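Dropping the structures in below, format is structure tokens.
Heads up, the next two complexes both have chain A, just with different partners, chain B and then chain C.
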Partner chain A sequence: MGSLGMIIGTWLAGFLTLAILSFLYKDNPFYKLAEHLYVGVSAGYWLIYVAFFDVEPMLVTPFMEETGVEKWILIVPAALGIIMLSRWFPKTAWLSRWPIAFTVGVGAGLGITANLQGYVVPQVQATLLPMTGFNLVSLNNLILVVGVVTTILYFYFSKAHKGVLGVTAKIGIVFIMVSFGASFGYTLMARISLLIGRLYFILTDLLRVID
Partner chain B sequence: MKRTVPLIITFLTGTFLVMSFFVPHAPFGELEQRLLVWYAIVAGFTMLLGVDSLIRAHARKVARVREGWGFSLALLAGLVATVIVGVIGRVQFGSPFHIQSPFMFIYTYTIVPLQATMFALLAFFIASASYRAFRARNWVATLLLVSAVIVMLGRIPIGAAISQFFPVAQEWIMDVPQLAAKRGIQIGAALGAVSMSLRIILGIERSYLS
Partner chain C sequence: MVSIDFDATSAPELMPMLRSVLRQAFAKDVKVIMLGHIAIGLPLGHTALEEVAAEHDAEYGVDYVNLGYRPGYIAVMIAMGREIEDIFRTDYQGTPIRDMEITRDVHSYADIDLLFGFEHGAVIDYWVRYAQARFHQKMTFGTTAVMAPDAYPYLQAGQIEGLGTRGMPAQQWGHLLVIGFIVLGNLGYYFTKGKRKRSGETA
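This part shows the complex of A and B:
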């Protein structure tokens, strides 16, 4: 990209940044323009992304280069993809349930194995922590185990939260609230970091107030 | 035909993927990979449906000159321009994602600043919402407030300048109580997802067919 392109790009980015930030005053045409542009450009971006990283390398290129069964078997996903577009025509819209059923089936199959292998087993494994005596590490491990168990019990609604379950649920809510507060603080700081990045861009690249 | 065939397809694909996880012998592994590639291809086609829906909604607004039609026109122009530029990049440079491609110009100078500023804008709204929600009305709300303040102060230099307590406490909160609750929620959510997946495979949950 030449220097003229960079100048135009910087002014464009500056205008769009200020247009979005103008919403802090009130809803206005500049914000609406930037908002609509964001949706349109993002949709175009993802369309090209899917075509280039998904459909072309997985369907078009193998179909051109492969031979025999490897080539012709690709007609199945291509047909399913095209059938998905039958939603455009009301009379044949019901056919789109087939590819939807396929994607739902794959998603459900992966949902079982991936969740068990990727979340449940590793998280339970990581919670089985050693108690090595009366020290800070053991205390933290104990708090962690108690936190995990009581949080899970808090979300157990098949029995009224009374008695022992009531006490554990109350301990669980302590962990949940601390966690939500921490997550909130973490998210807010990430957003402020982005805001600092945009202000830095305006002051350095656009206005050149700071070198 | 309209409901039975999709239910059979879901059952077969779901069951096959679960089986292939537990059977480490040919042809399961290879077929599993093939199914995943097919899944990506079919999912790619759904993008066309989404974009079509977006274009229809905004083209209708422009054609009928409804209020805000100019913004819809800008949306459509942005979409079409991005796709055209992407195709040009593919033809000219072999990839729309080539650093010199005009497609990357659009990415760098429109999508990146727009996305970053949109998320930055949320900082103000999160802050104003938290002002209303974080009032220490009871002891659990106070816990939320205190942990949020400690994490926020602990992650910035001024927190450490006030007291070394903030960065240390922030680290402890993130590593112990926050992790414990997050882990409990993750385990619960994963078990819920497994049971929902089972319901879908067995045909008990059919809402996706409506």
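This part shows the complex of A and C:
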């Protein structure tokens, strides 16, 4: 037998699980309560985490402990953070463009090199595959190369999809559909996992039907 | 290093993977440094870490540690490539990382043998593009099924060492059941086609 807190927590979790699942019947106040509770608790959690894992250790504590440039440079991110809040007031909302511009600039600057270095080049490299010999590896490589080339050609819209381009674009569609099918299949599996997780909780922790 | 990049919405899929990896790590005396990029998911990771550590009599600060959460995936990942202490001065409890045996000499990715990320979203892309491409950090991932098609190209290109793909048997049976329903629905549609045509119903 667990502690009183555990028992109350389990019953609460059971009630909220059933409240969410009740949406399968139709929208109702229990579902709305559980949904709003989830959003509220998540927002509260984020706030606490940002305060204790970011503002306090990355800004407040270093500002108290550091000296010289390392101390005063912290005013810049603090000011940018405060300026971001100016969006709440229509008259000063334009000020928030500065921190947003800073964030977008840094993101774009880092993103360009990262996408080339970590995505485009390695993925192109991984597509330049040998197709010599008659074996399964060569066949796999051939499928991969044909799939990549025909899929790219499908997105070439500067010329009408007729003749050779029409045929390759059609082959490209097949590869795209296979990709969508795989994604859908995996998505389905994910949803089943979530259902299994909740049913497992109800049968083991709540009802204790399974040991 | 274990990164918790999921929350309660993906817990049924990723928590069993996380527990398995932690059990393997502690059984083989591998040190575990946990951190996370999804604030509301990190407590789940910490719960699993404490549970599995207790099973193996692992000691906090010696065999494992939870560094906690810092916002801004990219900034955290890049800073860790230079000096981890710049971004994580303390663990989640506020203990300085230089005061703990496990992190005393850990400075950057160069001191991390393997990063194991548990992913339910785009953080995997950031790990690969910023930590792997830039700092050559070896990494492997356990992803939700939804994320798996996005992660396979990284595996195929050799950018990541591995990908957790083994499904739960119950999940596979559920999948087969859904396929059965789809086939059954289509058969029903096919065999009632003539009837609907006669009654003038349009598809």
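Everything below uses one rule, namely that the second predicted complex is superposed on the first by the 208 of 211 C-alpha atoms of A that agree within 3 Å, B and C clash if a C-alpha of one lies under 4 Å from a C-alpha of the other, contacts with A are read in each partner's own complex, and residues count from 1 in each chain.
The rule we apply is simple: a contact is a pair of C-beta atoms (placed from the backbone, for glycine too) under 8 Å apart; a residue touches a chain by one contact, two chains touch by 3 or more.
What you see is a predicted model, and the numbers here were worked out from it, not measured in a lab.
Could you say whether A:L110 touches chain B, chain C, both of them, or neither, answering first, second, both or neither?
In the superposition, A:L110 touches chain B and chain C alike.
With both complexes overlaid on chain A, does A:A126 touch chain B (first), chain C (second), both or neither?
Touch partners of A:A126: chain B and chain C.
Any idea whether chain B or chain C touches more of chain A?
Of chain B and chain C, B contacts more residues of chain A.
Which partner chains sit in contact with A:Y200 here, chain B, chain C, both or neither? Use first/second/both/neither.
It touches chain C, and chain B stays clear.
Classify the contacts of A:I192 with the two partner chains as first (chain B alone), second (chain C alone), both, or neither.
A:I192: touches chain B and chain C.
Looking at A:S42 after the superposition, I want to know if it touches chain B, chain C, both of them or none. Which is it: first, second, both, neither?
both
Who does A:S183 touch here: chain B (first), chain C (second), both, or neither?
In the superposition, A:S183 touches chain B and chain C alike.
Touching A:F175, do we find chain B (first), chain C (second), both, or neither?
first
Both chain B and chain C touch chain A; at which residues?
42, 45-46, 50, 54, 58, 107, 110, 115, 117-119, 123, 126, 144, 179, 182-183, 185-189, 192, 194-195, 197-198
For chain A, which residues are in contact with chain C within the complex?
The touching residues are 42, 45-46, 49-50, 53-54, 57-58, 61-62, 107, 110, 114-115, 117-119, 122-123, 125-126, 144, 179, 182-183, 185-190, 192-198, 200.
Name, in rising order, each residue of chain C that touches chain A in their complex.
9-13, 39-40, 42, 68-71, 74, 78, 87, 89-90, 92, 94, 125, 128-130, 132-134, 144-146, 148-149, 153, 156-159, 167-168, 170-171, 174-175, 178
Within their complex, state which residues of chain A touch chain B.
1, 5, 8-10, 12-14, 16-17, 20-21, 23-24, 29, 32-48, 50-52, 54-55, 58-59, 73, 76-78, 80-82, 84-85, 87-88, 94, 97-113, 115-120, 123-124, 126-127, 140, 143-152, 154-155, 172-189, 191-192, 194-195, 197-198, 201
Chain A touches which residues of chain B in the complex?
2-3, 5-7, 9-18, 21, 34-52, 54, 68, 71-72, 74-83, 86-87, 90, 95-97, 100, 103, 105-124, 126-127, 130, 140-141, 143-152, 155-156, 172-191, 193-194, 196-198, 200-201, 208-209
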